[in-house]
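Each of the next two complexes has chain A plus one other chain: chain B in the first, chain C in the second.
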Partner chain A sequence: MDAALELAGVAKSWGEFVLRDVSFRLPPGYITGLVGPNGAGKTTLVKIVLDLVRADTGQVRVFGQDHRSNGASLRSRIGFVHDRPTCYEHLPVEQLGSLVGSFYATWDEGAFRDLVREFELPRRRRVKALSRGMKVKLALALALSHGAELLVLDEPTTGLDPVFRRELLERLSGLISDGRTSVLFSTQILSDLERIADFVVILRQGEVQYEGVKDDLLDRWAVVRGGPEVTSELEGLPVRGQRQTRMGIEVLVEDVDAARRRFGERAVVERATLDDVFLLLGAERDGGRAS
Partner chain B sequence: MRALVLKDLRVLRPWWWLIVPAHLLFGANGIVAPQLFFAMNVALAWTYTILLLIVDWTQEADRYVASLPVSRRDMVQARYVGALGAALGGTVLYALYGRVLMAFATERLLARWPGTPGWESVEGLLTFFMAVWLVSMAYLPFYFRSGLGKGSWLFVAILAPVIVVGAVLVRWLSLPGPPGGVSGVLGTAGTVVVALALAATLGWLSLRLSVRFFDRRDL
Partner chain C sequence: MWTLVRKDLILDRRQVALNFVLYLVMGPVFLSLMSETPVKLIAAWAAIVGTMIPLSLLAREDKFHSARLTCSLPVTRDTVVASRFAGGWILALSGGLAIVAAIYGAHQAGLGNPVGEWSQALLVGFVTIGLILAVLFPFTMRFGFAGLIGFLVFTQVLGIVAFLSVVLVGGQGAVGAAIGGVAGALGALQGSFGPVGYDLFLLAAVVALNVASFLASRWIYRRREF
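Entry: the complex of A and B
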């Protein structure tokens, strides 16, 4: 079965910013979380997927087709939320809905109205008068009202209150249960990823540092915490990053069982959380990052 | 493309009411001299084209619209349809507004208008339309290449000297100003055909450039 989204060797240089050799695959019916610090290239990658930014090299395939050769038709099957979630903000909510809807053959005005009601958006208020969180809700309502098979969301949970954030994540989880809808969403909020993502792509300084199944990562990876002597016993372990702390040293290891066998009681070995991975992956002991 | 053109009309609807006061404010001042009235109305007609570009630019709408199921070519073509509408609409308003003002003009004011006002002749209306069209066709490739801010600066920096030098040359060399001089040779019908052919050629060239530029631009 074709992937909902597939990137192979995507690269883009833009002034000082460089995105290098990004490859990952999002199968239908799954959620991929794209995570990285500010300036890592998340938004650029989202723009490349939507064909707003042209990659220098590499290939992007959406539903098995080149995303450029059949762009308009493919975009009719994609719902999106940008980091600036809306436009034409002088229009009232319902008018923006009907304006955006006029571009989709599969637009469901009833579904849009239901979502507006559910998200408690004031239909007649101008978009510019809405808060950032409400604008995100409106963008989501627009993205979810035409039966999109792929949702591309750029930091959709930023600016949302915790209650709606949880509701949104549950909704995204519910959406993919049809086995047909897929979601790519970028975020800096790791707990969101931990809650719903099936796959994780960690991006830092324009490079993919990790790409794979989230549960594999959480099941297999470990953090070893101990004194300085830990570093002398790392030989042969799949170390993916380490850093000095005030208490000693923290080491990210890709094999939790091997780490437990190696250190026994001489160090604390715990399963890694996404926070640990995000913090330690690629880090060198002096606090820098491995190239 | 139809959805894009309709979208533009809907987006601009809150500003339609500005047409009458804008003409009152600027057009009425321009009535003191034919050249000024002409220039003011050309500027107003061009404003109708650029107003949407300003709205889109300030709201980063190009990025949003390009994420919808439309091609970049369609986006460019819709802008050109808008520019054509603005040039035609501006020409109609120029004629209507000129007649209305003249109906209320005093003898003293009428004395400043020797000969037939531009909107009374086919050649005059054609000149007006061509002026608006020429500016739009020259400007839009800059917009699609570099956006409203940088594109406008480039447009002014590159084309303003050309226009000034051209105007000076026409004046110094006493060249016949089109299309009055042209119509003497071609007749009214011939002038209309030549002018429309020129407008179409300009439009085609400008459109091709804009499509090429916009297709390469990162949004």
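Entry: the complex of A and C
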């Protein structure tokens, strides 16, 4: 079966910013979380997927088709939320829905109205008068009202209150249960990823540092915390990053069992959380990052 | 494409309506202030003013940063450009025609004293609108609102430079020669084609110019990043 989204060797340079050789695959019916610090290239990548920015090299395929050669037709199957939700600001919420809906053959006006009500959006208020959180909700309502098979969401949970954030994550989990809807969403909120993502792509300085199944990562990877002597015992272990702390040293190891066998009681060995991986992956002991 | 045109008209309806009303009032006022006004001049003025009506529509998306939304919708970039051309032409033509009609109506009511054949107004208006839009579109497609402002400032500066060259450094000869050269060339064309052939030639030239402008705008817009 074709992937909902597939990137192969995507690269883009833009002044000092460089996106290098980004490749990953999002199978249908799954959620992929794209995570990285500010400036890592998440938004650029999302824009490349939506054909708002042209990649210098590489290929983007959506539902098995080149995303540029059949762009309009493919975009009718994509729902999107941009990092800074941009709407036709002078229109009231209700009218914006009708206007955007007129571009989609599968637009469900009733579903849009239900979502507006559910998200407690004021129907008659102009978009420019909405708060950022409300604009995100509106963008989500638009994205979810035309039966999109691929949702591309750029930091959709930023600016949302915790209650709605949780509801949104539950909704996204519910959406993929049909086996045909897929979600790519970028975020800096790792707990969101931990809650719903099936796959994780960690992007840093324009490069993919990790791409794989989230549960594999959480099951297999470990953090070793101990004194400076830990560094002398790392040989042969799949070390993916380390850093000096005030208490000693933290080392990210790809094999939790091997780390436990090696250190026993001489160091604390715990399963890594996404926070640990995000913090330590690629880090060098002096605080720098491995190139 | 018509969904996009409709979208642009809905978004810009207030500005468009305001411009229409403003220029429809300005036309008869303009006529009443001038005596013996050539109909061709009225038509050219109405056409220039008419092309002002869609200006805000052409640059609106850049001004309000909504191009990212439009280009994320299931439409191609080429269709976006085509819709801008269609919307621009529809508004400019209908605006120009409405202004000429208002002036004609005012004249019938006894205002002003235009001279010449009203039938010529259509051709002059069409050619004027075509020339302005053909130059304007690639600017706005590439630079958006800034391109529009840049274009308007450029034309103002060009006028000021021409005026100053005449007043300060006695450049009347050069400016006059340039205008005279264009008029002479057009006269020569009219002489060789005959009146009907000349009109058809002008129409064909404007259409060709707009096709070139459309192709250039499309090329530009395909490469824009949002």
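Here, the second predicted complex is superposed on the first by the 291 of 291 C-alpha atoms of A that agree within 3 Å, B and C clash if a C-alpha of one lies under 4 Å from a C-alpha of the other, contacts with A are read in each partner's own complex, and residues count from 1 in each chain.
Going forward, a residue touches a chain if its C-beta (ideal position, glycine included) is under 8 Å from a C-beta of that chain, and two chains touch if they have at least 3 such contacts.
These figures come from a predicted structure and were not determined experimentally.
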First, second, both or neither for A:268, with chain B first and chain C second: neither
Chain B versus chain C as contact partner of A:89, first or second or both or neither: both
Partner chain(s) touched by A:234 [first = chain B, second = chain C, both, neither]: neither
Chain B versus chain C as contact partner of A:11, first or second or both or neither: neither
Which of chain B and chain C A:54 touches, first, second, both or neither: both
On chain A, positions contacted by chain B and by chain C: 47, 50-54, 71-73, 75-76, 78, 80, 82, 86-91, 95, 99-100, 102-104
Residue ranges of chain C in contact with chain A within the complex: 3, 6-7, 10-11, 64-66, 68-69, 71-76, 79, 223, 225-226
Chain B-facing residues of chain A, complex: 14, 47, 50-54, 71-73, 75-76, 78, 80, 82, 84, 86-91, 95, 99-100, 102-104
Chain A-touching residues of chain B, taken from the complex the two chains share: 3, 6-7, 10-11, 14, 55, 59-61, 63-71, 74, 216, 218-219
Residue ranges of chain A touching chain C (in the complex, touch as defined): 47, 50-54, 71-73, 75-76, 78, 80, 82, 86-91, 95, 99-100, 102-104
